[in-house]
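There are structures below to look over.
Two complexes follow with chain A in common, the first pairing it with chain B and the second with chain C.
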Partner chain A sequence: MIEPLFSKDISGCAIVGIINTKGKPIKGDVITEAISVMHERSNGLGGGFAAYGIYPEYKEYYAFHIMFLDEGIKESVEAYLQEKMVLVKSEDIPIRKKMSFLNTPILWRYFLEVPQSKLTPKITEEDYVVSIVMNINKRFKGAFVFSSGKNMGVFKGVGYPEDISRFYRLEEYEGYLWTAHGRFPTNTPGWWGGAHPFALLDWSVVHNGEISSYGINKRYVETFGYECSLLTDTEVIVCLLDLMIRRHRLPIDIALNALAPPFWSEIDSMEKNMREALTALRIVYGSALLNGPFSIIIANSESMIGLTDRIMLRPFVAAKKDDFVYMASEEAAIREICPEPDAVWSPKGGEPVVARLEVQI
Partner chain B sequence: MKIDARGMHYRELNERIHDAVLKGIKEIDIVNVLGQRYIGTGIGEKVTINVYGTPGSDLGAFMDGPVINVFGSCQDVIGNTMNNGKIVVHKDAGNVVGLSMRGGKIFIKGSVGYRTGIHIKAYKDQCPVIVIGGKAGDFLGEYMAGGILVVLGIFGREKDPIVGRFIATGMHGGTIYIRGSINKSHVAHDVSIEEIDENDLSALKNIIQEFCDAFGITDPNSILSHQFLKLRPKSHRPYGQMYAY
Partner chain C sequence: MNFSYPEFLVKVSENCIKCRRCIKECSFGVFSWDGEKIKINHEKCVACHRCAACCPASAITILKYPVSFKENHLWTEEILRDIKKQADTGGKILTGCGNDKPYPVLWDKMLIDACQVTNPSIDPLREPMELRTYLGKKPEKLEFWHDKSGEIKLTTVMEPQIKLETPVIFAGMSYGAVSLNVHLILARAAKELGTIMNTGEGGLPQELLPYKDHIVVQIASGRFGVNLEYLNSCAAIEIKIGQGAKPGIGGHLPGEKVTEEISRTRMIPAGTDAISPAPHHDIYSIEDLRQLIYAIKEATRYRKPVGVKIAAVHNVAAIASGVVRAGADIITIDGFRGGTGASPKVIRDHAGLPIEIALARVDEQLRKEGIRHLASIVASGGIRSSADVLKAIALGADAVAIGTAALIALGCHLCQKCYTGLCAWGITTQKPELTRRLNVEEGALRVTNLVKAWNLEIKEILGALGINSIESLRGNRERLRGIDLDEVYLDVLGIKPAGR
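Our next item is the complex of A and B:
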């Protein structure tokens, strides 16, 4: 698991997302069918899924999905979790054991509570959980927390996404929001931890493209205590979102504007209030700007958001049907699971598509 | 001849199309198409391929003669480096329509994504033509070297402009016709914006007539009677000195 498989191939990558805005459950097979239509966009070096609403019985607890290189490191991490958190339940993540993949790690999940004694007025529960995740990923060699939100989970590995779905028995899960990714690694290694989605708390991101500004973005989030340890650029998007939206309390639309702001030439031609606001945003959050080609689907427990780079260097299509909103790299992936949408459209570069959950889950 | 493409991999589908063309079949209907790439690629015969569904990217790449009718929307890069023939799309198309196209025609009833007609070029009697019935995204005619691009703006999302930003960036040949008005600040500096003349109108008449015939639009004059703008590069080599000085 820890030996990354270095490769440099032509770029592809597939992303897809579905949300039912009324919170109705969707089975794991549905998203698997959609992503498998785009098989050609992946090369078997990474596939993964994020699912929301899948642990209703444990929805009060943080669900950690952790991959371990061996039993030894698992014991060390479990001792650390016992010390830092309240362990409610621990079990192996159900898998089809007969399916074999390259360097399959030990996959385990933990439902955890934060001991109130650990919190101070300055450290919120979520800050505390983020610090635990960062600590394990950085200090425990051979262990990675790849999912840490409530009532959600990430399932990923080195393989085609449809095979990864079967491996994790995703047809047995139901959630109101799913995202999926098929990977075609270009600049960074194909390994279990490097598959998408990347997640922190209930944020998850799937990404097609590459972030040319990674160095700037990474150094910026590091000044706020985040550590990027998964050897791939997408991870930094999760950190930026957590920083701007959870810690700095920016509204989602404004945070997205910081990731993909209008060009200066456009800002200059805006009316005064907008011009001043966007100028301020670009100055304060200049280091959050994502440069390079990308289309991404961001999710949390309340919403699913699609966004491309400002000059549309990666494809992105959205569609609507009744309570469902779909987003994908290719229209064919949407039509596989929704043959006749009410509307299908290609958003403009940098124009976010936001689908919000309309009920409390 | 009819091929049911449901669940079929693109390799098998394209082999069956090529086999049929070799056998001399002149018209092929492909139903239940969903995401299969490269349909019609590299075919040099004058055949007709009717596609029902949502074909995958690179439809009609390198093709040199066929007519492809798509009864649905297309994804990215249709008509990639196409040399001759015609692609008729009854809904929308994605990004990079007609990449480096050098001949033939692409008619799209609806709207298109970014970079339509990127680096299309004309040579001797070869002149590629792309007509968009709806709206076009940013970078229309990027690095355009020859041929004709027409954007009608009749269909598509009401709130979208007829053409997006960065129009004709790097254009150094060919002509773009836009029906209606555009934001001139979005047009590249080395490109002129002119009124059309009689020669333009007669060229447009033929093109619009063929476009209307393709989609059963009965009144081409209602399209033609509207104002058109013409975009042309100001010089043959606008970037000739860019790296030398």
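Our next item is the complex of A and C:
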């Protein structure tokens, strides 16, 4: 495993997401077909998937996917996990061992529980898990937690997304929500941790773009104790969402407005309540504004959200068919798996598309 | 015997049409009429260029006085002149304007990023570019309430904010140090630009009341002109603890400058010296500052932000943290290049810190302590151009204050003789025949033009950075690189070297 040399991830990319709002399972090959249509948008230096609803038998436990440089670092991280968490199950992540990729790390997954004794009124279970993840990523050189939610998992590596899917045998998984990413980095070496999605707890983000405001977004989340260990701009989006939605309890729509707010000229002409709300939002959460070209698909166990920057400098298309909602960089990717959608549209810059799960999983 | 001799040589060429305008224009008394031609007293020239600028025949040239000192890097010409002056007079040397010594200008050692290929730059002529800035205390987070219809309402009560349409504001300059016309010009420009001017410590002239929503009133150690009406005739109140040009030093407006009008505004008898003590005599420590901040907040019913201005000194980060914890809503940090109407030269030239360093340290310290949201940071002291503004914001400033740059737009040539009260451009003088040289309408237009031009340039650079709102640049040090700086400087500034 190679650590990143550059602190900024410059890349063009392909993204796609599918959700079944009734929670019906979708097989991993479906999203693989969609992302592979956009092969030209990646260059073989990064592909990845996030899947929700894939570990129903362990849905009460935090599923950590960790990549290790060698057995030595794996042992020390495992000792640390034993000390801090209750280990329910530990196993290797199933892969096709014959496929060869650049710098393939050791890939392992753990199902973990938080010991109640570690919690205080000030530290919630989720805060505790976040701190464990940050600690491993920051302090254990050669180890990297790339997935830490419940009943969900991230699978990623250095390769074209369709190859990464085969490598992880994703056709064997079923989930109600999938996102995928194909990467076209211009400057990072083949580091597995640098591929998308980025995830923290059950939040995951696939991102096409470059965040011109990264420097301040990063410093902003750092004041709240987040550590951007990966040094890539996408990770900061996950931290911002975790901060605003989980810790500050902002309504999701409001938090999305902080990431891509309307222009002042629009806010000034809104009716009073909305004007006051958004004015305050921009005043207080200005450092959370994501500036620069991006389209992203954000997911958690309850929803899938698509968002572009305020002036839509990256492509983004959404579609609907029965219980399914699709989002992608290109319409072709959606048509590949859903030839005749009920509706296809290209949302306005900064206008989120939110697809919520309508059932309890 | 007087050992001092002229600094400048004034020459009148044969083009002179003997109109004698230079005699009228020079307030320092360089020119006189001997019945046939212009007589020149070189000794009095300060190089303010008023004569040259006004001469209809372009007949006047001003040169450095051509005496060659024996070259010496220790005993420089300036040192020799100062020693002789002090031997002549036995006094401390006074000066005006900001530190002019060749300390490194760190603005010129920082380079701005730009977009290429992977990230499109944005054309400010086609896309919106937002410079709007709010100064004041912010809550750490917001709370909202949803009603049944899905309507969202903000439930957090926001502290008072000053809304600015540009991140450039005008620095505190007192009525007394500058003329009423300067105040009127800055107030008008502030209104036109959607920004604020600062009265400095000399009270609020009645003529400025129509502009009160664009005025910050100052409370300094002299407490001139402070009463309830003063505190309520403004957008915000600033407690001035220090000034970059003279950290730790008070102020002294000589009695001859205290005219009837200034006496009324400052609320002191006409003709008496207006003394601002070095410290506030009711602030001997941080808890006293807190009391004053809250006394002012009480007096203004918590409707106005209360700021504190400090000079950039060695321990500025810790001091700023204390000031913010004491309740300041805005903290202004004035670097050692900041201007002054009068300061002992030895202090101006040797005390304090560059604003670049102070700003970087304060922003970082407040972030480390998790209290950055509690106060806005205004940086001042030697901001010369839109590039400086941009770099200051990228280092972490919410806004920058300009004083000297605005005065240069009005004609100031940095002759550094503000303390004499003889300013030939009508800026730092109270003599009616001089102050009327400054036309309020024209001056307001010139200052407005300057800031508008900077706004355009800032938008241009933001576009090149692929950013369409100033808050995405604020504190975004990732977009700066240091050139020709050693590791310690880079570390203090919190930026990477060029090439990384």
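The rule we apply is simple: the second predicted complex is superposed on the first by the 346 of 361 C-alpha atoms of A that agree within 3 Å, B and C clash if a C-alpha of one lies under 4 Å from a C-alpha of the other, contacts with A are read in each partner's own complex, and residues count from 1 in each chain.
By definition in this document, a contact is a pair of C-beta atoms (placed from the backbone, for glycine too) under 8 Å apart; a residue touches a chain by one contact, two chains touch by 3 or more.
Remember, it's a predicted structure, so these values are computed and weren't measured experimentally.
Q: Of the partners chain B and chain C, which touch A:I311 in the superposed model: first, second, both, neither?
A: A:I311 contacts both chain B and chain C.
Q: So in the superposed three-chain picture, is A:S346 touching just chain B, just chain C, both, or none of them (first/second/both/neither)?
A: In the superposed model, A:S346 contacts chain B only, not chain C.
Q: Going by the contact rule set out at the top, does A:P94 touch chain B (first), chain C (second), both, or neither?
A: Touch status of A:P94: no partner.
Q: Return first, second, both or neither, reflecting whether A:G142 touches chain B, chain C, both chains, or no partner chain.
A: Neither partner.
Q: For A:P251, select first, second, both or neither according to whether it touches chain B, chain C, the two together, or no partner.
A: second
Q: A:G23 in the overlay: touching chain B, chain C, both, or neither? Say first, second, both or neither.
A: A:G23 contacts neither chain B nor chain C.
Q: Quick one: name whichever of chain B and chain C touches more residues of chain A.
A: Chain A has more residues touched by C than by the other partner.
Q: Return first, second, both or neither, reflecting whether A:P262 touches chain B, chain C, both chains, or no partner chain.
A: Once the two structures are laid over each other on A, A:P262 reaches no partner at all.
Q: Touch check for A:P293: first (chain B), second (chain C), both, or neither?
A: In the superposed model, A:P293 contacts chain C only, not chain B.
Q: Does any part of chain A touch chain B in one structure and chain C in the other, and if so which residues?
A: 311
Q: Residues of chain C touching chain A in their complex?
A: On the chain C side, the touching residues are 115, 118-120, 122, 127-128, 130, 132, 134, 138-139, 141-144, 146, 151-154, 156, 158, 161, 367-368, 370, 372-373, 394, 465-469, 471-479.
Q: Quick check on the complex: what are the chain A residues that touch chain B?
A: Per the touch definition, chain A meets chain B at residues 37-38, 40, 269, 311-312, 315, 317, 330-333, 335-336, 344-346, 348-349.
Q: Looking at the complex, which residues from chain B come into contact with chain A?
A: Touching chain A: residues 10, 34-35, 37, 53-57, 73, 75-76, 92, 94-95, 113-115, 137-139, 157, 160, 164, 166, 185 of chain B.
Q: Residues of chain A touching chain C in their complex?
A: 7-8, 10-12, 186, 210, 212-216, 218-220, 222-224, 247-251, 253-254, 263-265, 273-274, 276-277, 280-287, 289, 291-293, 310-311, 313
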